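Quick one: structure below, then a few questions.
To keep things simple, chains are lettered A, B, C and D as they appear, and every chain counts its residues starting from 1.
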């Protein structure tokens, strides 16, 4: 294997992990954009959705039917979480809301363990086995599949926000909830919609990564940190930024782990740290954030 | 004047509190510790009577390591089963389980609770190296037995300052030696790539392996670690693949084991002999990867995997399944951790049976003087043996290879003590 | 005459206010003679966590900066102590100033980049630091003992005291914790504290007032890290064992959760939060053997529902005696706890500052917006 | 002093015994006033008198006690979005534009109530287009800046956008809170002229709160002066403008610091 091929192979590996991070980062960014909070439980909700899909498939439903059902359940679940768990603390200090999501994290994680145990579950792989070989660089179909779906989800979100009246309403709420109310927008419903949407995107993320990471209650815990890094890098408000950030973090992490001996695989978790720090010191609003995004 | 009032108030309150303390102090409970008479005179009999014995275990029921918490269910099921059959030597076992969330300070708190409040006879078991290491000084000082800790670090056996603590499962170094011996026999010039978990478990095994193969033609050509908090090991696997090694030693815990096996199967260009360590060798780990993808994978074991059909008619396995069904209906009998709990609990049963005195000292000495004790769920040929200079109850493992839909044992059980000599620090 | 009565009345109120403190002090001294050793150990751990939370409180509660990395400073204090005891065999007491000073400097170092980061971003950078620390500790094996950790001697009671180990440890930690909590209190009453709060409440105004923003924010970080380091040092004294996986990012999140549950920007908040962190997991297990996490998660959420400003603010809320925040023309009724808990409360994010991802600079409501995480000022005990 | 209840009865907007405040701070303590249909009404008064609070109580941003009726319908106890559905358009202090959205998007959000999910027929779209046209007619600059982000507009343009967005609602009642805040005098004057034009052409009832009493009185038909949460004076704008005492008491106060309370 030549050095170049090897490098490219590493980049492909990085794209694979990056796609995983990006998919969860998308959901994080959605919630943050509409409610201004960082949802620690996002990964766990995605994990829960994945278990729903698993349960449906395990009880005999074909995967391609189970998927839309799961997405619908997740959408409703996300709205329900907003209504039951988040709204009661809506007026409280922001940190209180964040800690509520931490409580939700612990709760959902333990609940999944209680219901489905901590044994690894096999989750059907929607993409074909194997991969393609391009000039000695091997790419799994699953990597391509995840990247593709993430790109499609990102595109759909873009269309939703930029070209529909619901999207316009959502952006108005995200931008200035007070004025949105004065224009007659029912902000509460829009927030529920935002949580439902984020939960759906999270469910897509969970279903995509489950065949690769293997489904168990702690599946998303490790992804969360990287998804945070990806979202921060992308400015925490932009779906495109989240995806670019995720891919960037994945590639950077893999390359440093492979080529920088001082860092090595054990310290590569420090790479997101360095990236976040570097990005924020140079551009406090992230790569894709607007200058005004910087929050007090 | 203000000051005097405050002082006076304080004095009154202090006096009141001290009186209350004197009357109902809970500290006095230490006095309840009991000692034996007769031949065993002076030895501690706290937590044990002629009809009862109280044990306390500390497991991660919450937090990142909660997958292992289910061991407590296997243990509890065993004791309930034994109690229904009359108990251990006529003593009913009371088993108290506490949760430490895999956090050492919490383990210390719970150990203190078990010893000081629950007045347990012994702390059976603590799980994980950090939690065990955090409490063994305390238990040693209190002279409370800490038998059969649920961790395979070699330090429990090599240490000589903590006579009250002893391990049970084959230590990670012993397991590494089994693989080393296998490779020496089968592939004397192997180039080995190692994937290991970056903690005591992974490092102990890796270190033991390197030591065992030193001087032979076997080389470790690449090693990659991962953190338990990492989402996946695919990047590490890609790096190992670059090394071109012909053997992959896979030192992982279940989820990462599945990931590594799957990554190996996906990569059609690199086809090393895949050795997966015992912790991740359960059929439950292999099934999600797809049995067709794990053919020929090698591992070693010492107890019967409940998910393995070859033990379906084993009498002890049947007892285990029935008992688990009856006493822990929510626990999955196929989960190897439940079987582990059952096996370790029955091992303790055997050790308690051999006590000369029904005292804490008696148990301490009994677990250090086991002679070829057979335990139902352990593999044929694997027994518990300890003695002076040997504080490792199980040091024998047998190799197995995955074929079709199950593991097939091959070769003779490997007694690592015989092969490599006793393990020292 | 009137003056005399007035001053007497003032004395009376002061006494009344001092009474709980005195009671608390007496109870604290008497406790180890009453409770069983393991309960004394629990109290010791509560005090120890309270020190760390008091430090975090300086930063989050009063400084308005969120740190999800205080577990890392805690670990730094614990490890520096363990290494000194293990490698250099210094006495226990010698480790305290070193851990404190070391973490102060570390915090100072961190405070500089922290200046440029606000709210969420600072939280994420500190969180990544907390995630990064355990593997780093493992890498530095020659010093830190690697993943096996270090076992060191616990502090032993001197013979003259006639105390048991747990009692002695308790008193040592009590002394350090009291000193630390007093220091925190005095820090907040000093110029630094006033400056901190001014910064939290309105950076612009603080700057106008001549507060040297950057200096005070950096110092807040340093002080805060020092408290965490001291708590870490005590941890090593009490537990006698450190290992990298004891200080995972879960610890950092637990600390922040404890502080918010206890009550931000309140003096008793850290104590209550520490008690929550210490006792509630055990209670959860008593309530549900099968899945303590389910109960623990629910309890966190429930506490936040009942007391959105933390347990320390709860009595005030219950009594309804909270002096509600005085409005200005830009008052934000939605953020008062009353609005949040009123039965007919709707989501009224209308004026919640920081709610809108892009606060309009022209909107005066933002000018006196509270920073992320700052509680309504009604909960202040000062 | 003139009667505080000038011409009750056939009023379009009727406020009686309104109490409102924030937390324990009571700002309005029993306010009575009324506005006739099609009237421009100015609310004047010193800082902290409760002018802004009055507007906020009308549109539901602040809870109030008492009674506020709009064409016979009770407004109190409604949320801002409900009030908007009843035709109350509030242009808040500080304008409250959606800075990340383009100018046109801002205006479309204003028409939100008519383009909701269930109302997107051809006729509705045509109506929105017509409304856009109408608003562009009042504020030609908004047409030129159609694709620009609202955040990049000048203060005066943002204020125009805010009013334009409110007009997209086709309001029955337009509430303007300090429209002159932070704007150059020339721009302010232009703005007030447009408000007058809107009122004259569409017969929209307007309530404007303003520190710059002179300006407000120029376009208002009637004026109400508040002090400490109570109505102290009301009458035809022209009369109040002429009244030397008011000028002294009120304008004197207005010279003091603007935002101290």
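Operating definition for what follows: contacts are C-beta pairs under 8 Å (C-beta built on N, C-alpha and C of every residue); 3 or more make two chains touch, one makes a residue touch a chain.
A quick note: this is a predicted structure, and the numbers were derived from the prediction, not measured.
Across B-C and A-B, it is B-C that has more C-beta pairs touching. The chain with its Cα centroid farthest from the Cα centroid of chain A is D. Computed from the mean C-alpha positions, the centre of chain B lies at a distance of 73 Å from the centre of chain D. In this assembly, the C-alpha centroid of chain A lies 36 Å from the C-alpha centroid of chain B. For the pair chain C and chain D, the distance between mean C-alpha positions equals 46 Å. The multi-chain contact residues of chain A, meaning those touching 2 or more other chains, are 106, 110, 113, 174-176, 178, 181, 187, 225, 266, 269, 290, 292. Multi-chain contact residues of chain C, defined as those touching 2 or more other chains: 131, 135, 138, 249, 290-293, 296, 336, 346, 350-351, 358, 360, 365.
Touching two or more other chains at once are residues 61, 79-80, 96-97, 99-100, 151 of chain D. Those residues of chain A that touch chain D in the shared complex are 165-166, 168-169, 171-172, 174-176, 178-187, 290, 292. Considering their complex, residues 32-33, 35-36, 38, 40, 85, 87-96, 98-100, 102-111, 113-114, 174-178, 181, 187-188, 191, 225, 228-229, 232, 236-237, 266-267, 269-270, 272-273, 276-277, 280-281, 284, 290, 292-296 of chain A touch chain C.
The part of chain C that touches chain B in the complex is made up of residues 11, 14-15, 18-19, 22-23, 25-27, 29-30, 33-39, 41-42, 45, 131, 134-135, 138, 146-149, 151, 154, 235, 239-241, 243-246, 248-250, 281-282, 284-285, 289-293, 296. For chain D in complex with chain A, the residues that touch the partner chain are 59, 61, 79-81, 84-85, 89-90, 92, 96-101, 105, 108-110, 112-113, 115-117, 120, 151, 165, 169. Within the complex, the chain B residues that touch chain A are 62, 64, 66-67, 69-70, 198, 224-227, 229-232, 234-236, 238-239, 242, 254-255, 258-259, 262, 266-269, 284-285, 287-290, 332, 335.
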